[in-house]
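Paired with chain B in one complex and with chain C in the other, chain A is shared by the two complexes that follow.
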Partner chain A sequence: MDAFFSALQAILNGLLTGALYALIGMGMALIFGVMRIVNFAHGTFLMLGMYATYFIFVKTGLNPYFGFILASGFLFCLGYLVYRVLLRHMPVQSDFMQILLTLGLALIFTDAIQLTFGADYHQINLPLLAKNVHLGSHISLNAPWLVSFALAVVLGSGMYWFVMHTMIGRAARAIAQNPYASPLVGINVHRVQAVSFGLGVAGAGIAGGLLLPVFYIYPTVGDQFTLKAFVIVVLGGMGSIQGAAVAGLVLGVVENLTSLYWGNEWALAVDFVIFLLVLSLRPSGIFGSQRV
Partner chain B sequence: MNRSVSLVAAVFLACLSGLFGCGKGESPQGFHIGVITSLTGSTAAFGQAHKNGYTIALAEVNAKGGVLGKPVVLDYYDDQSKPDQAVQGVSKLVDQNHVSIILGAYSSENTRAIVPVVTQKQVVLLMPTATADNVMETGSPWAFRICAGSGAYATATLDFLQHNGAPKTIAVVYENTNFGQSNEKSMVDAAKAAGLDVVDTEAYQASSPDYKALLQRVKSKNPEAIYFASYLLDASTLMRQAEQVGLNPKYYTSAGTGFAAAEFATFDKGAGKNAEYTFSVSQWLPTAKWNGSKEFDEQFFKNTGAHPAYHAMEAYASLITAAAVINQAKSADSTAIRDALRQINLPDTPFGPVKFDSKGQNQHPVLITQVLGGQYKVVWPPDAAEAKPVIPAPPWNKR
Partner chain C sequence: MKRSELVIAAFCFAACLLVPLVVRADYNLQVLFRVFLFAAMGLAWNLVGGYTGQLSLGHAAYFGAGAYAMALLPPLGVPIWLALVMGIVAAVAFAALIGGVSFRLRGPYFVLATIAFAEVLRLVAKNLPNVTGGDVGTQVPSLFTHAISRSFYLAAVVLTAAAFGITVWVSRSKFGYYLMAIREDEDTALSVGVNTARVKLEALFLSAAITALGGALYGSLFLFIVPDQVLSLDISNEIAIVAMLGGAGTVLGPILGAVVLETASEIFKSVFHEAHLLIYGLLLVVVVMFLPEGIVGTVNSWLRRRRAALAAGARPQARRVSTP
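Now for the complex of A and B:
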């Protein structure tokens, strides 16, 4: 019975982490789906979301569970501008230049944060952090992770709805299907791509804001999440946002179960084993190749 | 045209350097000592502690006239908490700054990486804080260590446990780089030799937000004591999540570092009240009996507004020792400095006596502390104890 409950506990914890992974992955998938840009700065944008939320909390005392909304708004604008000012001028289909550009952005933002906030780490200690929700005598869940999970599910669904049912979302999907035909039917490609990039970046920013209460921040904290986002996007099928959502949850659970049965040092290895297996055996992702 | 300009420039620079004719480590500004530490990256908190310690020592050394009649200048190299950067740091400090002695690095991982390089370049390396014993096992004649190592940590912890309830089972939880691995190995070997049952060893990747599954594993093995080898951010996360999964061993012991950092027991930058009752090894505390400990603490507090942990003191002691050694060697030559280090005997520093054995290791005693009321209190050995240890740690739901 104990074995059952510890597995259940690990699965639940995995889902809580996985919801944040899902948000990160959905943002990356949206950007990749609509623009075919592999965003090497994705984890950096997550880091910026954390710092923005932290900055708002320190300056105004606004609870990070509200502050992250402002922070993600800021990140949306930042993403929009980055597209308008930089990415738009990239030659079409120049993958290499896109990679260099996003990598360069990652370095610039990381160093800018280091100059502004210093290299030292920071954390915030909400009273909520000490609260644990007990389900029966065997299962306990940490309150901030639960709140983050709930918000991530709501916002992730919102993002999905936006892409599926709004005019801009439809336009984004049209561009993903055929970037050459979509302007012919009257879609303003640059505007839609700018919004999509902003939205994808905001997704990472939201995940950052929600991660802040249970984690700590330092300028390079986002790097590990860029790698995770790659794994999620590949697992979910390149550019499929619902695929990325499911893949994020799966990855969270797999990591936790690996950690429980084999040990924590294998959790990261399993990420990349999945990555390699999916790429070599099923490059369209385990959920098929449906794009945005 | 371009070629001739660069030729002239090169000749000019060559003349310029010939003109000053400075020896190794010297320049018009003073005598240069290299420092490699982690001013940025994941262990930046400790690198900053290093820097604060060096700053105090530098002021003290220069107030006493510096070395060889010149003021000491510290050339810092930030290794960004990465071993490859630490290696580059040695090249830069030796090839460009021409130092003959280097203090550093911060972490065991980075220190282990630079030992072969300083050996090859034949400059002296004085290690302030690297506790992994393998940094001293290369047999390099250029490596000296001022702090006690992982073997001494394990022995001291077990000695404390044997005399305080003698638990039968222990689990080791360690971060998966040189520091953690080395402390794990030392503890597993020493625990087995002392007759304890090592029921679990768990490696983890520092910087992960989630250790709950790992702690669940430890919980299922039900050890009486746990020995952690962790840096600061992971130590805080581990102790918070230990409450979340309801992990209740009788003893939370640790190989210092994160568990001994001044920030660990604070609410703002550490685990807050979850740090309470954890044991840690320690190399030094502001309350240590050695002359100058109190003054160092006061100066540190004046400079930074916080009290130091032993990492800052070890950096301080390294620079004080280096200055004394260079003056004793009466030379800037690295071989002369190395030979003087082997001879040096400083019976009365704020870090205690400093004297290196034939392997380059300073024999430094290890204390055991416990966090009680948010303060580190020495609980072992009895002649240094300030408080009685609280055993067992109260279960989380009774705190």
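Now for the complex of A and C:
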């Protein structure tokens, strides 16, 4: 019975982590899945979201569960600018050039943060952190994770709605389907791409803000999430926003179960093995077909 | 490359072998070692990344294989030179596995798959402390016992010369043309009878073997390796950036890239201290935005444009001479 409850606990914890993975993955699904921009700075943007929220908290005392909204606004602008100033004007538009450019940006932002805030670990203390919600006598869920789960579900749904039902979201998907025909029907390709890129970056920033209360922050904290975000997008199927959401939840559960049975240190390795298996056996992703 | 250029290149490498007569400080020799080490690995990467167009960011797997073979086999009684060879064997075995899976993928998926393989190896090396020493790292015996810095420097020059020779051969051989055909259009190459799967694997084997030797030299000079260093994405990135900066798909590019990048990062470290990664990142952005073909590629296309302009300018001039 204990084994059952510890597995159930791991699965529930996995869903709580997974909701944030879903948010990170949905941002990446928009950038990489729909727009086909290979963004190796995704985790760095998440880290910037964390530091922005942290900065707001330290300066004004604003609770991170509200502060993340300001931080995500800042990251949206940053993403918008990165697309407008750099990505759009690359003389050779190839995957590898995008990788090099975003790697360069990741180095710049990470080092800039290190120069500003130092390489030390920071943490904020919220009273919420010590609270747990008990379900029965065996299961307990950490309160900040529950709050971030709820916010991630709301914001993730919002992002899905935006991509599927607004003009800009439709235009972004139209560009993905046919980059030559979409300007012919009056879509301002670069504006739509810039907004979508900003939105994807903001998604990473929001996840960063929501992770702040439960994480130590340090300049390279985001690096682990970059590759995870790619894993989530490929797992969910390229171009599928809802696939990425489901894949994020799955990855969270898989990681927590791996930690339970094999140890925490194998969780990331299992992520990559799943990633390689999906790429080689079912390149269209586990959920649904390749749509764009 | 013409025969005369090859003779010049041979003289340059001979001159590099004489450098230790002038440069004696260990630090300087180690910086030069790093330049040549990355020149050799950049040339190795160039075989798959430049000529074949398969942009790998997983070369740390081969680098780490070479370094870990050097570290783990000699304590078991394997002679150190045999450990060097076993490192190559291990790297080629990894290349067979990595290539077998990832060569079926294209574009960003190929890049991501190569990263994922190297990352799995890094995590396995970290999580098996009984075998690899785990996170803490493990000692590596030294390949040379006396005049250490000089010997390693000379070994790196020889490795670079060998990689250079292979690259020159590839750039003029039928094998090389197969590789370039794959880069330009894989489906067409396949349709005219190039066994693309096999040719790509052979190029990767060559590349992995040279990179493994690089890893073995690196580990053996510093006497101690940890997974987060020799199997890290940073190593893969650096190898690829060296080649891209100098000019992918050119014979001289990776060497020039290594000279520029390694001396630049050495200078950045001493001048900018903590900000050196920021400057390094800026350098990357500048390369992508202004030198996408790399240094050699940009110079080549500038020369080509200039020659075309001269040829176009020559004709009207001739007419002008004939009118009065």
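Just so we're on the same page, the second predicted complex is superposed on the first by the 284 of 292 C-alpha atoms of A that agree within 3 Å, B and C clash if a C-alpha of one lies under 4 Å from a C-alpha of the other, contacts with A are read in each partner's own complex, and residues count from 1 in each chain.
As a working rule, a residue touches a chain if its C-beta (ideal position, glycine included) is under 8 Å from a C-beta of that chain, and two chains touch if they have at least 3 such contacts.
Remember, predicted model here, so these are calculated numbers, not experimental data.
S.K.: Can A:G104 be said to touch chain B (first), chain C (second), both, or neither?
M.R.: After superposition on chain A, A:G104 lies in contact with chain C alone.
S.K.: Report for A:L268: first if it touches chain B alone, second if chain C alone, otherwise both or neither.
M.R.: Touch partners of A:L268: chain B and chain C.
S.K.: Just checking: does A:Q114 make contact with chain B only, chain C only, both, or neither of them? Give me first, second, both or neither.
M.R.: Both chain B and chain C are touched by A:Q114.
S.K.: Tell me which partner A:L211 touches in the superposition: chain B (first), chain C (second), both or neither.
M.R.: first
S.K.: First (chain B), second (chain C), both or neither: which does A:D2 touch?
M.R.: A:D2 contacts chain B only, not chain C.
S.K.: Answer with first, second, both or neither: which of chain B and chain C does A:P91 touch in the superposed model?
M.R.: second
S.K.: May I ask you to decide whether A:S140 touches chain B, chain C, both, or neither, giving the answer as first, second, both or neither?
M.R.: So A:S140 only meets chain B here.
S.K.: In the superposed arrangement, what residues of chain A touch both chain B and chain C?
M.R.: Dual-contact residues (chain A): 114, 263, 265, 268.
S.K.: Residue numbers of chain C touching chain A in their complex, please.
M.R.: Going through chain C, the ones touching chain A are 55, 57, 101-102, 104-105, 107-109, 111-113, 115-117, 119-120, 123-124, 126-127, 237, 241, 244, 274-278, 280-285, 287-290, 292-293.
S.K.: So in the complex, which bits of chain B are touching chain A?
M.R.: 39-42, 44-45, 48, 176, 202-205, 207-214, 216-217, 220, 232-233, 236-237, 240-241, 243-246, 267-269, 272
S.K.: For chain A, which residues are in contact with chain C within the complex?
M.R.: Chain A reaches chain C through residues 32, 36, 38, 86, 89-92, 95-97, 99-101, 103-108, 110-112, 114-115, 227, 230-231, 234, 263, 265-266, 268-269, 272-273, 275-276, 279-280, 283.
S.K.: Report the residues of chain A in contact with chain B in the complex, numbered from low to high.
M.R.: Touching chain B: residues 2, 6, 9-10, 13-14, 17, 114, 119-123, 125, 129-130, 132, 140-142, 211, 214-216, 218-221, 224, 255-257, 259-260, 263-265, 267-268 of chain A.
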